[in-house]
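In structure tokens below, several structures.
Two complexes follow with chain A in common, the first pairing it with chain B and the second with chain C.
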Partner chain A sequence: MSQLGIVYALMGAAVAVFLAGAGSALGVGIAGQAASGVVSEDPSKFAKVLILQLLPGTQGLYGLIIGFVTLSKIGLLGGGVVDVSVQTGLLILAACLPIGIVGLISGTSQGKTAASAIGIIAKKPDQFGKAMLFPAMVETYAILALLISFLAVSAIQV
Partner chain B sequence: MAVLQMQRMSICALKKDRKAILERLQSMGVMEINHILEEDEDFQCMDTANARSSFEKAAAAADQALELLQQYAPVKQSMLSSLAGKDLVDREKYDSILQAKDQLMKVAGKIRALDKERAEKKAHILKIENSIESLTPWLPLDVPLSFEGTKYVVMLPGTLSGLYTLDSIYSRMAEQAPDLDVDIHIISAEQDATYFTVFCLRETAKQVEDALRSIGFARPSQVIDRVPADVKSDMEKEISEVQSQIGQIEKEISGLAVHREGLEFLADYYRVRGDKYEVLGQLPQSKSTFLVSGYIPERESAKVQKALTDKYQCVVDVEGLKEEEEAPVLLKNNRFSSGAEGILEAFGLPAKGEVDPTVFMSFFYVFLFGMMLSDAAYGAIVSGVCAALLVKFPRMEQSMRKSMQLFFWCGLSTLFWGVMFSGYFGDAVNVISKTFFGHEVGIPALWFVPLNDPMKLLMYSMLFGVIHLFVGLGLKGYMSLRDKKYLDFFCDVVLWYMLLAGLLIMLLPSEMFTSIAGIAIVFPAAVTALGKWLAILGAVGILLMSGRGTKNIAVRLALGAYDLYNISGWLSDVLSYSRLLALGLATGVIASVVNQMGSMGGKSVFGVIVFIFAFVVGHTFNLAINLLGSYVHTNRLQFVEFFGKFYEGGGRAFHPFKENTKYADIKEETK
Partner chain C sequence: MKDLDYTYAVARVRALENSLFSDSEIERLLACTEEEQCLQLLSEKGWGDGTGSMDISDMLKREEEKTWEVIRELAPDMSVFDVLSYPKLYHNLKAAVKQVCTEVEGESIFYEDCSITGEEMLQIVRNKEWGQLPGNMGEAAAEAYDTLLHTRDGQLCDVIVDKAALDAIYEAGKRSKAEIIRNYAESTVAIADIKIAVRSQKTAKSIDFMKRAMAQCETISVEQLSKAAAAGMDAIRDYLLGTAYAEGAAALQESSSAFERWCDNRMMETIRPQKYNSFSVGPLVAYVLARESEIKTVRIILTGKQNGFSEESIRERIREMYV
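So, the complex of A and B:
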């Protein structure tokens, strides 16, 4: 039964990467639609709207970070797989949940906010600094989740 | 570090000097025209709308001609040329070129006319091509379509809609007129039309045509009295002729490219004159005098006053601004801090009565940015690129230049934090030495490695956050003191300092903090007691004093309690600085992922190639995404957490009346 531990741990890494990545994919997609609309009217705003479109992309990276730290923790990257008990495996899975779930939700809503911010750029291109701030507000919560996931994963002893 | 003090300058001069004075003011470019005088019977404004619009039209014409030149005789522009900024030209050269401004205007007109002609010629070619197309089905016919026939025989050319074979046409003819003799030749057949000729005896021609019409026969729409193939070759010749004419026009336009610089000056000249006439239209003028009034920075006013009174007969009056007047804002900072002015502008310039926080912000900006990116190699790259661009394009546009300077310093700070935390392309040194040289070598961190001790960095992040926020609160105190609002200073600033400092002193020795930070801090009993009393006094003070504006005791206490609730706001503000840790980790870990991926090729030639490829692509991506992240989140920490403590913004930027050129700046002769 002790083999199940590593399965749980890997599931944790997978959850972090796939939920947070899905959130970013959704968010970047939503923002991208708005960005394409603006560029079709005024191609010179491309650089600005591209930056705004990228903002919801970070959740996926945060998921990747937790996934990577988890993988190196259980030794799947270096080759020497550590013996993970079921309890530790479940602990790692639980530690990965915050960034996964918050990444999914915040990525999507950040995408919506970024799409509206792209609307600001369409009408008032000089207000870029402010437009950028609104999506960044949403991101705070993904950062907090990343922090907790990271601290938890690195605190678990294997 | 300051918002420049503005004054109002009013100039009254004779009308004969009007042009010269306005031009002088425009070339000095330090005064924002703003009239407070109403029109009356003596002083009236001139209507310059017509002149202005004609200048603007001329500028637009020159711009358009330049665009066309770029189209026909493109000047190669590198990707970075947008950073190059405007050229600097001597006044002499500018004037000498502009002496021929009528000719230049003609050149601009000629370029536009040639372009129009070319477009017309292109349209002509299209028309010919269309005729050729309609002629194509008749090409195999070797007599003209209008061929009358011989003495006894008549030719009837025409079409039937739909695809027919010879047999099917004969059989349909036979159905309609079985007793007529005809000879049918199909010239060509397409999916939707069949082109053919019918030969018949002259006396039956009428009947044959009637019979043909009843099955849908139609004569060709265009009757050409020459052999189709000849006509086509003539048309083709005409096309090639027109094409060579187009080529000549294009050559002629490219030949005019020598006037490019002249046209640029011309466009600028008319733009500047347009601006001048806009101002002219605002000036109150009497029969022989005129008035100019506007804002001017204090440090410039003496210079302008001297320049004008020395040369012209005029009265220049400089006065301080009235209490209720809201002056435009111009910032003045040292070389290091001025880089951050763009960031401040993005939030909002200081409103009336606010301090310019740029200096404080710039230090924290550079410090926090470096902590978020925290990789020595990335920092070196950012600094290097910014420095190279600054050196290469000395005439870069002002705001761009400032940002470049800011990021140059941010890059240095990143380098510093990278050395502190041992980030050199993440763990590239370790990975390369391990993969390709067999034994692992690493550069030890000067301070510590955050990945190994995240809690420690988290604590420091919050510590920096507290310092940042306290500075913000301090600036608020400074503003209250400056405005002599001592009660506000005590209630809104000192009491909060007391409460927060007291809470911190109480928190630090607590068990919770010890378990998180892993270090036990023990204060002497006196300090602990001091902390307790500070917190209590601060809290009570805030409770009692925050609602000091209202007389009603209950409302006052309620407002105080509400203000006290802001303590949760302080908590979330401090926690917000945890992003310093998170973003720093993000850079490091993603860099490690890149290195790990690169090293998967193993120790071989192929492995090295894989590594270099992954290294370049991966680190470029990581640098780009983390630069963006650091920029966004440093801005956020400044705008939300720091400014939230003391700064609102909302000032209006200073827009001086100046030579607003697009292509070149004119160097002023120094006098």
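So, the complex of A and C:
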């Protein structure tokens, strides 16, 4: 039974990395298509659109952080695997869900917003600051989810 | 196609929109005193084939070709754009039927940049291979051909083919999943119906003629519009005031050229929301229509300058720009 606990905990780390990473991949992909469209007509806008394309990439990093914290919590990184009960394993899995799910949704949404913001750069490159704010707003919710996942995983006693 | 499949294309179109004429650039073109100055300005903006040729028709033709070259490169699915070429396609049919029936050969009377070119259309009409024509075209072609042969009435032939074109556009709009195509079809048919009513009123045509020429659509009632047209211009204006085309009534009151300009501006209004759409095929369709309107406006200015029209009378005919 104790082995099942570690499986649940590991699933938590996997969910955080997999879902948040997938969200970022989708988001960066969408924004990248828009960025390519603009650069193919006007290569001088490369730097500005690249920054906007990278904005949805943060969710993947947040997932990675929670994954790391989880792995070190259960001792998988240090070499000494701790004994994790099923209940604790499930708690860790639940703690990882916020960044996983919110990462997936916010990453995709931020990608779409970034693609629209790239449209602003295409027409009014001097409005870069304003264009960056719109996709940055979506980031708030990924950060909130990261905070809760981080606090929850850290608070669980193993 | 999913809306997200157009992300790359829309971003590229957004960048291309920067090179569309703005109202201030049209003003600069208008301010040119001579046609040569206009052509020079257009050439500096990159219009034409880049060889410095100053032939107006070549320059405008090349610009039309450029638009479609870009769209062919960008669009994941070209079938969405078929409806935009219907007017050219049905024009080719009309020209071919007239050429075959009257046995008079005209020069450059066909559009070559559509799915059935002039030569192909002539071949189909000569051999009466109506089955080779898509959709309702075959039926309309046979009817127009027989009508022209029996009555020698060119206008009736035009009415049959034009009505078939409007019906085809409306059907394509209804079938389309793209909102812009639905709006384009509705606006095109409604504006065409209003134009028919106005012109029929001026030439005192019968209600039956108008009903035969007008196509059904959602925002205009053929029955009411044709009755209004038979009653007079004021009745048309009164009818339009109760529809989504109320501004047309004011334009009608102003002058014929103001009305023609409103017809084009109304289409621009239909497509303008696409400026703020980041996904879907909408911005691509809007770009094609905006380019067509831009080329038409430049043609109006150049023709006006060629014929020595005053700046004011050209300005009255200038269409609103997309950007």
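One rule holds in what follows: the second predicted complex is superposed on the first by the 158 of 158 C-alpha atoms of A that agree within 3 Å, B and C clash if a C-alpha of one lies under 4 Å from a C-alpha of the other, contacts with A are read in each partner's own complex, and residues count from 1 in each chain.
Criterion: contacts are C-beta pairs under 8 Å (C-beta built on N, C-alpha and C of every residue); 3 or more make two chains touch, one makes a residue touch a chain.
As the structure is a prediction and not an experimental result, all values here were calculated from the model.
A.B. asks: In the superposition on chain A, see if there is space for chain B and chain C together, and answer fit or clash.
C.D. replies: Aligned on chain A, chain B and chain C fit with no clash.
A.B. asks: I'd like to know which partner A:130 touches here: chain B for first, chain C for second, both or neither.
C.D. replies: first
A.B. asks: For A:122 in the superposed arrangement: first (chain B), second (chain C), both or neither?
C.D. replies: second
A.B. asks: I'd like to know which partner A:38 touches here: chain B for first, chain C for second, both or neither.
C.D. replies: Once the two structures are laid over each other on A, A:38 reaches chain C alone.
A.B. asks: Looking at A:84, would you say it contacts chain B, chain C, both, or neither? Reply first, second, both or neither.
C.D. replies: neither
A.B. asks: Quick one: name whichever of chain B and chain C touches more residues of chain A.
C.D. replies: Chain A has more residues touched by B than by the other partner.
A.B. asks: Should A:30 be classified as contacting the first partner (chain B), the second (chain C), both, or neither?
C.D. replies: second
A.B. asks: Give one of first, second, both or neither to describe whether A:150 is in contact with chain B, with chain C, with both, or with none.
C.D. replies: first
A.B. asks: After the two structures are laid over each other on chain A, how near do the C-alpha atoms of chain B and chain C get, in Å?
C.D. replies: Result, nearest C-alpha distance in the overlay: 11 Å.
A.B. asks: What does chain A use to touch chain C in their complex?
C.D. replies: Residues in contact with chain C: 30, 33-38, 40-42, 112, 115-116, 118-119, 122-123.
A.B. asks: Could you pull out which chain C residues touch chain A in their complex?
C.D. replies: Residues 4, 7-18, 278-279.
A.B. asks: In their complex, what parts of chain B are in touch with chain A?
C.D. replies: Result: residues 343, 345-347, 451, 454-455, 458, 575-576, 578-579, 581-583, 585-586, 589-590, 592-593, 596, 625, 628-629, 632-633, 635-636, 639-640 of chain B touch chain A.
A.B. asks: Could you pull out which chain A residues touch chain B in their complex?
C.D. replies: 51, 54-55, 57-58, 61-62, 64-65, 68-69, 77, 128-130, 132-133, 136-137, 139-140, 143-144, 146-147, 150-151, 154
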